[in-house]
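Same chain, two partners: subunit A is paired with subunit B first, then with subunit C.
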Partner chain A sequence: MILVQLVNGLMEGMMLFLIASGLTLIFGVSRIINFAHGSLYMLGAFLTWQLVPLLAPGTVAGFFGAVLLSAVLVAVIGTIFEMLILRRIYGADTLMQLIITIALVFILRDAVRTIWGPNSLSVPMPDAMMGALVIGDNFFPIFPFVIFGAGLVVVLAMILVIHFTRAGILLRAATDDRGMASLLGVNEKLVFTLVFAAGCFLAGLAGGMAAPYGDVNYLLDTTVIVSAFIVCVIGGLGNLYGALAGAMVVGVTKAMGVMFFPRLAMVLIFLIMAAVLVARSLGRQAGPAR
Partner chain B sequence: MMARLARAEMPRLRQMLFVAGAVAALEAVNRLTGVSGSLLVAEIIIMMVFASSLNLLMSFGHMVSFGHAAYFGLGSYGFALAITRFDVPAEAALVFGPLLAGIGGLVFGALCVRLTEIYFAMLTLACAQITYTVLFQWYDFTGGDTGLTGFMTPRFGLSEANFASAAMVLALVCLYVLWRVVHSPLGLAIRSVGQDRYRAEALGLSPRRVQLVAFVISAFFAGVAGTLFAVFHGNAFPDYAGLGFTLDALIMVVLGGLNSFLGGVWGALVYTLLKNFVPLMTAHWELILGLILLAIVLVMPHGLAGGVKRLAGMLGWGALR
Partner chain C sequence: MLMKKVAARIVLAAAAAGVAGAAWAEDGPIKVGFVGGLTGACAALVEDELNAVRMGVDELNAAGGILGRQVELVVRDSQTKPDEGAKQSRELIVGEDIDLLTGVCSSSVMLAMTAVSKELKVPFYSAIGSTQKANVEAYQPYFWQVQANATMEAVAAAEYVAKKPEWRRIVPMGFDYEWGHSSVDAFTTHLKKLRPEIEITDPIFPKVGEANMAPYITAALAKQPDAIFAAVFGGGLASLIKQGQGYGMFERSNLVTLLTVDALQSMGDAMPKERVFGVARAPFFAIEDSEDARAFIAHYRSKYGEYPTDWSINGYDGLMFYAAAAEAAGSVEPDALMKAVHEITFDGLRGNALKVRAFDGQMNAPSYVGEVSFEDGYDFAIMKNVEVYAGEALMWPEETIQAARDAAK
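Up next is the complex of A and B:
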């Protein structure tokens, strides 16, 4: 029983990582907290719902094709937003950046409700992934494993890109020292746009992959953004590997918490987040004054 | 001598005229537009207190609280729980709402002021979500997601219009106290820490202590608003501490105008009106709200109060500051 919950926790952790990776990536480079990240996730889920029947319903390839296509579409929408609006307020007050992404939350929610209506939709799972593995007395549905595998692929792809490509070098340079990177001739504007697009792509991808998992409705945005925040904060905002660790901590805590003290599971996760933040402040106190 | 006195006194006279005019206008709407008008006025007034409490933190302390609904919700629950669980008479229970909110502000604030900027905002969010989750899940004590209902006659049985008038009096007191706080030595300390905490520290202030005091005062008045809201509706729900009310308050302050005492007041007025009337006209209220927020950030970052102030400056009126 504990094993089952542990596996479930890791599965959910991977899902959370997919959501949070985009958020933390964007923050790492452009110092923008994208409150609309959950909305982009939601958009990815709805687009997947729309595209699955159009491609090859029921097949694995059709499902993943729909997910990828939705992620690209979400990235395009995010890029347009970045180039038209967000670009004007880099360097402005944190509050103003937050407000502008909140504005996007409202606009996207309205758009989604207008296009797809207020009711919950469900995305069918590919037929090949419907079953469950039976190990001993325990049932493990296959679909979460597929998600986990896909998540691993994404993680590996990200590591490869970040460490071994020119884009990755620019990304790391911009994360470490924005000013110096731009002095050395890195096109800052382009890096910001590309990173934002990549973050949106990840949000759309996560939304699409999670779509068959539960209901798809226009209230997904706020629930998702809050969990993504928690994961990013626990892992350290802007730290991709931290986000992976944070996602696993949250996923496993949630799964274990549901088993031992169901009512306190969420409180526990927020307490971990608060503890991490407070510990951070203690650490800073010991260091040199900023 | 006379000229100096006159210069010093005139703005005060204008301020009092402005306040009297605003009260008269609200009271006129309250008395002349029937029950629905009174309900709207009451809601506007409660939100004015709520938004102004957040404004104290954001405009003067430069602390972006991303979980202010926690103290609004604690205000409602402090009041409702005192009646339902501790058999306190309803009139006396009024004290417990703001009290619980203030205590919540003291506990959470002590943690939050250790951080700055975005991390401060994140920790306030975490604290608010903890509050919300506890209210939502502790069925035996808080009633869980069904909330607490039926513990009193809404508005103590006052008519809608009389309740709105009573709330107005209380709101005036609250705003006056907040005004005095902002213009006291403490207010100066809050502002100086908000502008440059290191310089303030060099001047002998303790930034964290000053911020904590500001946080507790702010939480207390958010609690007053929450208590009033619970009296208004005769209930308390976990949503009162949820992300929705947090966003409402934030939007009101930003819409009304940062760096201005009346920002929260203007924001509460305009936002509540928009929220009540726009959905009657169109199904796209959220789209409109999003566009308004974009316009505020891109075009007028000082919000409505900034605009009004500029207009007042043109007309040679200083009273609206």
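Up next is the complex of A and C:
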């Protein structure tokens, strides 16, 4: 049972990472705290619900096709938002940025409610991904494994892009020192837009992939954004590998907490978060989250 | 600045006193104030109730209104927030002279609104919100409840579980807040009384709205239960059922949980074929023996293109009960009306002889428990072999309530 619970924790960690990675990526480059990240996740889930029956319902290909397409649509919507509005306020103070992204939270929530209504929707799980691997007395559900695998693919793709492509170099340069990168002739505008689009893509992807595992409703946005922020705080906002570590720590701590200290499971996570914050302020000030 | 505030308070207090003391309008329309969570966590439920209330108001008006007066519905959004619900209620009472307040869904908003109803002496009933606090610690004489409250539902679940002798070990689970805890307590206490030998493990409390139930499912199944009782709803319930299938929950155990029609609909095909048992407030498929109920269901479907949910049926029954009480009282003046509320016997969609007790405002409303099953003609699972538990058997006796009130003081 401990093994099952450990696996549960890693699965949840991977899901959390997919959500948090986009948030942290955007912050790393543009220093924008995108409160609407959870809303984009929600949008991805709703679009997946809409697209699955249109493609090939019940099949694995149909499901992932719908998820990818949803993520692309979310990225397009995000890009439009970035180019029309966000681009104008990069220099503005944090409060201004918060208000703008929170406005987007409300706009997307009301739009989703108007289009799909307030009732919860359910995305069917592909037939091949239902059921479980039974090893001895332990059940390992297949769906989370597939999601975990898909998450690993995303992580690898991100590492490859960041370390081995020109876009990755530009991204690292902009994260490291925005001013210097700009002085050296990096097209800052383009980098910001691309990074924002990539972050939105990840949010949409996570929303779509998680959709069959729970229900899809227009309140997902706020549910998700809180966990994403916890992960980012533990890992250091702007630090991708930190987010990966933070997500795994949160996932495993929660699962083990539920098993061994059921009344403390949630408290444990916040204790870790508090400890990290204290430790970071005691240690070097110039961490990745400046 | 301070003076201004004080002056404003005096004006407000005077306005409030004016309303409370004023003679109740005996002509013009009867105004029903509907303050519901049209946005926020309650939106889907409140929309169903409001649909049925609109339909009920139209029917009443077509038949000549209440006491010969037309009924006017005034709707406000509480945003599912207690302070907003209280504010909107106050504004409707002071500004619109409403005769009745209803529409409430969330427990916390319900407690805020019952306080306003008490202060300004305006009759108030609930058809979705179901915290027992409103009947016990926070009870006030202008409140009544037209459905089984949360504790009664948990007691009905315990009655049902007790009748399954093959279930020997039960894991209770509930959302980690007032409702989840009080449901688990009421279920555990009642089941222990009915079957002292049954083993009930330590409860598991996931946080409200938890989307990833996997760790809780694993922890519950580790105790090898014959059944899991889960006081969860909405997204958490959907996650529990969908994710539970991957852990063999419905091969290795059974699930007893709240399943209103909206939940059955949103689960669709994802519902397991068997081993799920639902507790419901007013499932349309369990009341179809009554001709009135059949007519209501048909009318509702033709008007809104979907089956009425528990919230629609209770909302309609609630409004019709108010109309019957007002007719019996011959007036909508609050004290006369409340006297009738506590005296009349009402035949509603959910059955006959429904009455409201005077000392806690609780209606003897039934609870429904049955086996989830896919039947021909529906594109979602319904329930078969539904047992109906009469409200009387589920309600706490007066002594118990008095003791709880004394303990809360």
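We take it that the second predicted complex is superposed on the first by the 283 of 290 C-alpha atoms of A that agree within 3 Å, B and C clash if a C-alpha of one lies under 4 Å from a C-alpha of the other, contacts with A are read in each partner's own complex, and residues count from 1 in each chain.
One rule holds for everything that comes next: contacts are C-beta pairs under 8 Å (C-beta built on N, C-alpha and C of every residue); 3 or more make two chains touch, one makes a residue touch a chain.
These figures come from a predicted structure and were not determined experimentally.
Visitor: Clash or fit: how do subunit B and subunit C relate after the overlay on subunit A?
Guide: clash
Visitor: Thinking of the overlay built on chain A, is A:Ile89 touched by subunit B (first), by subunit C (second), by both, or by neither?
Guide: first
Visitor: Look at A:Val278 in the shared chain and tell me whether it touches subunit B only, subunit C only, both, or neither; answer first, second, both or neither.
Guide: Touch status of A:Val278: first partner only.
Visitor: Quick check on the superposed pair: does A:Ala197 touch subunit B, subunit C, both, or neither? Answer first, second, both or neither.
Guide: Neither partner.
Visitor: So, A:Ala71: does it touch subunit B (first), subunit C (second), both, or neither?
Guide: Touch partners of A:Ala71: none, neither subunit B nor subunit C.
Visitor: With the two structures laid over each other on chain A, which partner does A:Glu12 touch: subunit B (first), subunit C (second), both, or neither?
Guide: The second partner, subunit C, only.
Visitor: Touch check for A:Ala228: first (subunit B), second (subunit C), both, or neither?
Guide: In the superposition, A:Ala228 contacts neither subunit B nor subunit C.
Visitor: Touching A:Arg263 in the superposition: subunit B (first), subunit C (second), both, neither?
Guide: both
Visitor: Looking at 145-153, 181-189, 253-261 or 307-315, which bit of subunit B clashes with subunit C?
Guide: 145-153
Visitor: Shared contact residues on subunit A, subunit B side and subunit C side combined as an intersection?
Guide: 113, 263, 266
Visitor: Quick check on the complex: what are the subunit A residues that touch subunit C?
Guide: For this pair, the touching residues of subunit A are 1, 4-5, 8-9, 11-12, 15, 113, 117-122, 124-125, 130-132, 134, 139, 141-144, 210, 212-215, 217-220, 223-224, 254-255, 258-259, 262-263, 265-266.
Visitor: What residues of subunit A sit close enough to touch subunit B in their complex?
Guide: My answer: residues 33, 85, 88-89, 92, 94-96, 98-100, 102-107, 109-111, 113-114, 222, 226, 229-230, 233, 237, 263-264, 266-267, 270-271, 273-274, 277-278, 280-282, 285, 289.
Visitor: Show me the residue ranges of subunit B that touch subunit A in the complex, using the header's touch definition.
Guide: 58, 64, 66, 111, 114-115, 117-119, 121-123, 125-127, 129-130, 133-134, 137-138, 198, 243, 247, 250-251, 254, 258, 283-287, 289-291, 293-294, 296-298, 301
Visitor: Okay, in this complex, where on subunit C does subunit A touch?
Guide: These residues of subunit C touch subunit A: 39-41, 43-44, 47, 202, 204-207, 209, 211-212, 214-216, 218-219, 221-222, 234-235, 238-239, 242-243, 245-248, 262-263, 265-270.
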